[in-house]
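Across the two complexes that follow, chain A remains constant while its partner is chain B and subsequently chain C.
Let's turn to the complex of A and B:
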């Protein structure tokens, strides 16, 4: 695939804009891809719908806003309801299995994003980094090494361990949902 | 985030690269009042500038912000402010002042949806006319519309050069999409930028007159306060020394000077991109973020057998008049997509030949004009019979 349009969507404050940026950095720095990352958010600081779009391409990217989405990650029901209709033919949605129910008839994969962050890592704040790992693990958008180093480059020293655990656990979860999808 | 040592590929925003451009140009004074979608510029500079021996001041409002930047510039510091629509409206008072008093200063106005408070987090391109005509009275200024993250850097560096060289206020106008989008950028351009330092007067302080220089394409010298030179600075019509005057001859000289010094150098301001124009049947005129979707549309139209091309001004003011006249001479079908109700479409009508068919695409909802919208309009225009003569 020479162009992939990725969207990370949820509620303002979940850190998805940062996750989109880290994905873009991993693709550009480690894989030499062209990337464009754009956001949409409301005037409020928290709450409200939030989305982060990342275009990863071998070609020069002119249009900064994707017209359809190849890989959609949703961490809220509202985001799921709003954006599933924008999936490209063959596009896939990854939803947070603790709380989001996707509409029927889609290539949908449930990942335990919030569950891993809250129960295993005792910190809901890293759900965005788990989600990032899931995207890398399930779709190979960027390599495990690329996403790990991009995460580490973005977090303060005292949070490195936690974030490394989060991204690695996310990659593992991503690989699990991938193989489940392939079995179907 | 910004201001670090650069050298390789990084993923940066338009606002990040406006900051890098200003620093590479030699910025040493910033006064501003944060406003979405420009706040990241003030935020970054508040931490970078003091560490570099520069000065950052958060002012009480936008009027004061530009006033402070003008004052700092008079001491020889390269000075700037950054804002968005509502703040840019407030700054118009001092833009006229900088034009009249001939003080170099750079304003970055990240265009969001308007009017009034409008759409703080969404894009617009409706400040393009304001950038030329926003302050009262007659004056000439320059404004640049970047279309990529890298171009945010290049246009900001250029804005400083023009401000310093011609003693004028210059505005950089990224729209919200360009300011907030992030792209991979080869940051080696940062070290390669060549800052321009303002021309110095060739006369000793006792003979110096700030407003009697010869108008030239090379620009105008200005003395720095604090280096032995002193002169009077006012927004009133003034004579060669800077003091107010009621003499019609001196008033006329003062008012024509601020127009002619830009007009004489008009061609030096011309910065445009011509993309697949040679054989184009449909000419798309677009700038900023919309020029990107227009380029996408041009390629897809060509793939569908319609010869489209893009003419993109980077400098929108002074408008690239003589080049535009050439480009539009043969154009028969012109498409103008923009995130306003048709501001630049009105401007280019001056340069079109009779019988040229013009179609506008305008959006005021804060969203970008899509390639599909442009393609559909282009196909309709392409299929339309030869336009009727307008008289």
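Let's turn to the complex of A and C:
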């Protein structure tokens, strides 16, 4: 694919803007891609759905607003309800299997994002980094090495171990959901 | 003004993407504005001019790509040469007086961004936070309280003091350049 439009969506406070930024940095710095990354704030960000869009391309990007979404990650039901309709034909939605139910008829993959953060890592705050790993593992948007190094570049020193665990478990979970999808 | 288009531009590594993110967060969280914040990565980000755009509006924002720039901050000559032509009529450019010379005929204000970071704070890495303070102080895009609290929310605990100094000196410098501009 020469262009991939990715949207990370959930409620404000889930850290998806930082996750979008890290994905963009990984794609640009490690893979030499052109990337435009857009964050939207406003009424949406205060309790409703909030979103971070990342366009990853081999070509120059003239329009920063993605027309359709190829890969959608949703960590809240509101975000799922709001954005699933913008998926491109063939696009895929990854939903948090802890609390989101996608509409029927989509290429949908449930990933245990919040569960891994809360139950395995005892820290809900790294759900965004788990999610980032899931996207890398499931779609190969960026390599494992690229996403790990981009995460480490953006987190404080004392949080590096936890975040590295989070991104690695996310990558594993991403690979698992991809192989499940391929079996279908 | 109901919509302000802001661009922060310089070379990769100057931290302007983080500065754009903090400006966006301050405007959205403290002032209830709608904000779209766009980062561009790619060949530009590796040595040439890189940019972070922030649209701050009282209304819903439909087009994430600013047509013209109302407030342009440039920390490199390359960024100045590249983006000064995109200023709106009446738009203003703030340039780093340490090393940037703007073209004639513009509403241009020199701020000692790098000088404050390097000579007063002994840390070039906070030039981005000084610049953010300058924008707040010169244009009132966000209040001093809003930008200070947004900076503190995004920096690691051990760097809070330095960054608070940086943003406050930036605000002072911003007020100084505004009052100079008003005298002209």
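Assume the second predicted complex is superposed on the first by the 180 of 184 C-alpha atoms of A that agree within 3 Å, B and C clash if a C-alpha of one lies under 4 Å from a C-alpha of the other, contacts with A are read in each partner's own complex, and residues count from 1 in each chain.
As a working rule, contacts are C-beta pairs under 8 Å (C-beta built on N, C-alpha and C of every residue); 3 or more make two chains touch, one makes a residue touch a chain.
All figures in this text were calculated on a predicted structure; none of them were measured in a lab.
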- Task: Give one of first, second, both or neither to describe whether A:2 is in contact with chain B, with chain C, with both, or with none.
- Result: neither
- Task: Tell me which partner A:67 touches in the superposition: chain B (first), chain C (second), both or neither.
- Result: first
- Looking at the overlay, what does A:122 touch: chain B (first), chain C (second), both, or neither? neither
- May I ask you to decide whether A:157 touches chain B, chain C, both, or neither, giving the answer as first, second, both or neither? second
- Query: After lining up the shared chain so the two structures overlap, which partner does A:34 touch, if you call chain B first and chain C second: first, second, both or neither?
  - Reply: both
- Task: List the residues of chain A that touch chain B in one complex and chain C in the other.
- Result: 21, 24-25, 28-29, 33-43, 61, 63-65
- Message: Which stretch or stretches of chain B touch chain A in the complex?
- Response: 8-11, 36, 120-121, 177, 180-184, 289, 292-293, 295-296, 299, 368, 370-372
- Task: Spell out the residues on chain C that touch chain A in their complex, using ranges where they run on.
- Result: 17, 21, 24-25, 27-29, 33-43, 45, 60-61, 63-65, 156-157
- Query: What does chain A use to touch chain B in their complex?
  - Reply: 21, 24-25, 28-29, 32-43, 61-65, 67
